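Labels for the chains are A, B, C, D, E and F, by order of writing; each one numbers its residues from 1.
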Amino acid sequence: MSTVLPPEDLENNPRVKAVFDDIRATRQTDFINNIWRYLAFDEDLLERTWGEVKAVMATPSDLDPLTKEMLYLAVSIVNNCNYCVHSHTAGAKAKGMTQAQHAEVLKIVALASKTNQLATALQVPTDPEFLLEE
Amino acid sequence: MSTVLPPEDLENNPRVKAVFDDIRATRQTDFINNIWRYLAFDEDLLERTWGEVKAVMATPSDLDPLTKEMLYLAVSIVNNCNYCVHSHTAGAKAKGMTQAQHAEVLKIVALASKTNQLATALQVPTDPEFLLEE
Amino acid sequence: MSTVLPPEDLENNPRVKAVFDDIRATRQTDFINNIWRYLAFDEDLLERTWGEVKAVMATPSDLDPLTKEMLYLAVSIVNNCNYCVHSHTAGAKAKGMTQAQHAEVLKIVALASKTNQLATALQVPTDPEFLLEE
Amino acid sequence: MSTVLPPEDLENNPRVKAVFDDIRATRQTDFINNIWRYLAFDEDLLERTWGEVKAVMATPSDLDPLTKEMLYLAVSIVNNCNYCVHSHTAGAKAKGMTQAQHAEVLKIVALASKTNQLATALQVPTDPEFLLEE
Amino acid sequence: MSTVLPPEDLENNPRVKAVFDDIRATRQTDFINNIWRYLAFDEDLLERTWGEVKAVMATPSDLDPLTKEMLYLAVSIVNNCNYCVHSHTAGAKAKGMTQAQHAEVLKIVALASKTNQLATALQVPTDPEFLLEE
Amino acid sequence: MSTVLPPEDLENNPRVKAVFDDIRATRQTDFINNIWRYLAFDEDLLERTWGEVKAVMATPSDLDPLTKEMLYLAVSIVNNCNYCVHSHTAGAKAKGMTQAQHAEVLKIVALASKTNQLATALQVPTDPEFLLEE
């Protein structure tokens, strides 16, 4: 079904093993989900992608982990990535997203997409009040 | 610049005035931003859109107001709605979004869009671990 | 503002002139809107694009001209093409779209975008009833 | 395959049953397609979504039912919602869309997407003739 | 799974057979991939689509065949067309795309999507240096 | 017009100055285009984004610089980023893209978007020939 095959014996490759070990240590789980196994077809792509995910999503910051996962989920829905909708719905639930919060995320995604289309259809001019003063 | 013109003397129309009054009361401000003035070209569209925005965004719920605004902003960026990017950046700042949080929202939108594309390009199969048991 | 400049003295080029003459004859107007002037930077692109627009949009068919313009407008909104939203709103009005019909097109675009996102977010399985029997 | 599971014994929930009864009465069929069963994971989302679909799509208006379904289908294609492409192709056929009309919808979606991209690539300026006079 | 069924005995239809014969001759293979079999539900759509694919993709031009296939693949990823991602990954490999080049295409698609979102989120003004002089 | 303002005296910030110096050295030009000036509102975002652009786009690799720029441009068109369409059209021209090649890129983007929509509309099943053998 995929357009590349993950290499066999993935973790015989020391660069791949180093990333997988870091994923396991960072997430405190043995589970390596498929996106990492398939990205391993190119070590550089694997290392850079994980480096960015770790820096943005798995490092304490000014947004709490659940909010970050819900933002990631919302973007994944709008970008229509089936794999990512599954993985980030699971991720947000693992971070504590309740069923009511899940429904709210969906309502906001749906409403925003609706008003986004209306503003585009009407070509609404930006209010001067929204512009920054230089 | 727009594809419809807002009616003159908008608030002479009692249906429009009722919506605008409710916006002012709900948001505790006199400012009515342009999207509402242009949506007023069709009263039904105005009433329904505001009704949904009020219910989803301006009613206490299981997500705090800032989180909701940041989700709305993230969706608006991905849907590429210039008006909405402006109005919801302003909205999130009004709800307390700091510059560091703004930068974080952008990093998540950018990272998610990137991994969304990679998962699509690779046609990564969904892990069985993500599937719900019926 | 554009990424190419329309050639000067456009209609000195006989291939461009032939297309423009056909646009004027087909639409029974002297007005050549900008997309055609900019596409003229490559005669082949101009000829092929007009040929397809003429065949699909300006030839009597199983859908009436107004329905076709409203479909074109709906697609242009979802694809977020500012130029096209303007030109096809004008085009649909020229074919008789009333203000009420305009509002209806917008309601359908907004509603469909909303339920499209919900179905993607939920990863709703296709009902067997929708599948064709081979 | 989905990210939520529809509750068992769905219609034991009176709010869900009320919506499903209204769907059956409005559409004059016993068939409840999956989107409604999955939306039932949150009664509020179910009620509001059906309310809007009923108002926009199942209420006599200035556009005929087939035109409305074809617009919904066109938007669903561009938004790339697999479920919605299936359900609204079936819906449009049920409203009388012929094979020739189906092919025409596809030709318009394809052509519009093509010219949308060209106008964006060229950053074509909007003709003054398309602008409304204030 | 599809929304139309390819006609049985496709090549009994002389218009379909003519297109398929031209595909086989142009590509020097007996393999007709599914998109052509399904497009055959409307001969006009089949003929026009193949005509354009042949002119743009299978005619010597100012870009080499591999570059053209990689561009087609990149667009298909961003448009999120699962079928097209598969067919054009295969197509680019058939034209000589190495695994390292495949990884590079993915890196560029991912990076461009990321910076595209950042520029939209920031509403970065176009530098005067990028504008053409009229 | 933008949603953040670039800090005044940008290069008084040593982290910003270091990135800008590297841009100038890498590109062998004094010109710093706006995206970098606006990204400087968050040093981390600036450093990481430039780091990735430099690694992917400004480092010798298995694709030549012009091909890479044309891929970037194609993605930017489909993602509908006005700023990026301008900057990467200029970038590709600076790398040697001729007018005929520019027209070809547009033809491929337009054609691919068209067939992407058709494959989605038809829900064409992936040919077994395209699937990899595990």
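A few notes on this one:
We adopt the following convention: a contact is a pair of C-beta atoms (placed from the backbone, for glycine too) under 8 Å apart; a residue touches a chain by one contact, two chains touch by 3 or more.
All values derive from a computational prediction rather than experimental measurement.
Each of B-E and E-F has its own count of C-beta contacts, and the greater count is at E-F.
Farthest from chain D in terms of Cα centroid separation is F.
Rounded to whole angstrom units, the spacing between the C-alpha centres of chain C and chain E is 21. Here the CA centre of chain D is 34 Å from the CA centre of chain F. The distance from the centre of chain B to the centre of chain F, each centre being the mean of the chain's C-alpha atoms, comes to 27 Å.
Counting partners per residue, chain A has 1-4, 41, 45, 52, 78-82, 85-86, 89, 100, 105-107, 109-111, 113-118, 120-123, 131 as the residues that reach two or more other chains. The touch graph of these protein chains is complete, with an edge between every pair of chains. Contact residues of chain B toward chain A in the complex are 1-4, 31, 33-35, 38-39, 41, 45, 49, 52-53, 56-57, 61-63, 67-68, 70-72, 74-76, 78-84, 86-90, 98, 100-101, 104-105, 107-109, 111-127, 129-131.
Here chain B touches chain C in the complex through residues 3-4, 41-42, 44-45, 49, 79-81, going by the rule given at the top. Considering their complex, residues 80, 85-86, 89, 99-100, 102-103, 106-107, 110 of chain D touch chain E.
Against chain C, the residues of chain E that register as touching in their complex are 1-5, 48, 52, 55, 131-132, 134.
Residues 77-78, 80, 82, 85-86, 105-106, 109-111, 113-118, 120-123 of chain A are the ones touching chain C in the complex.
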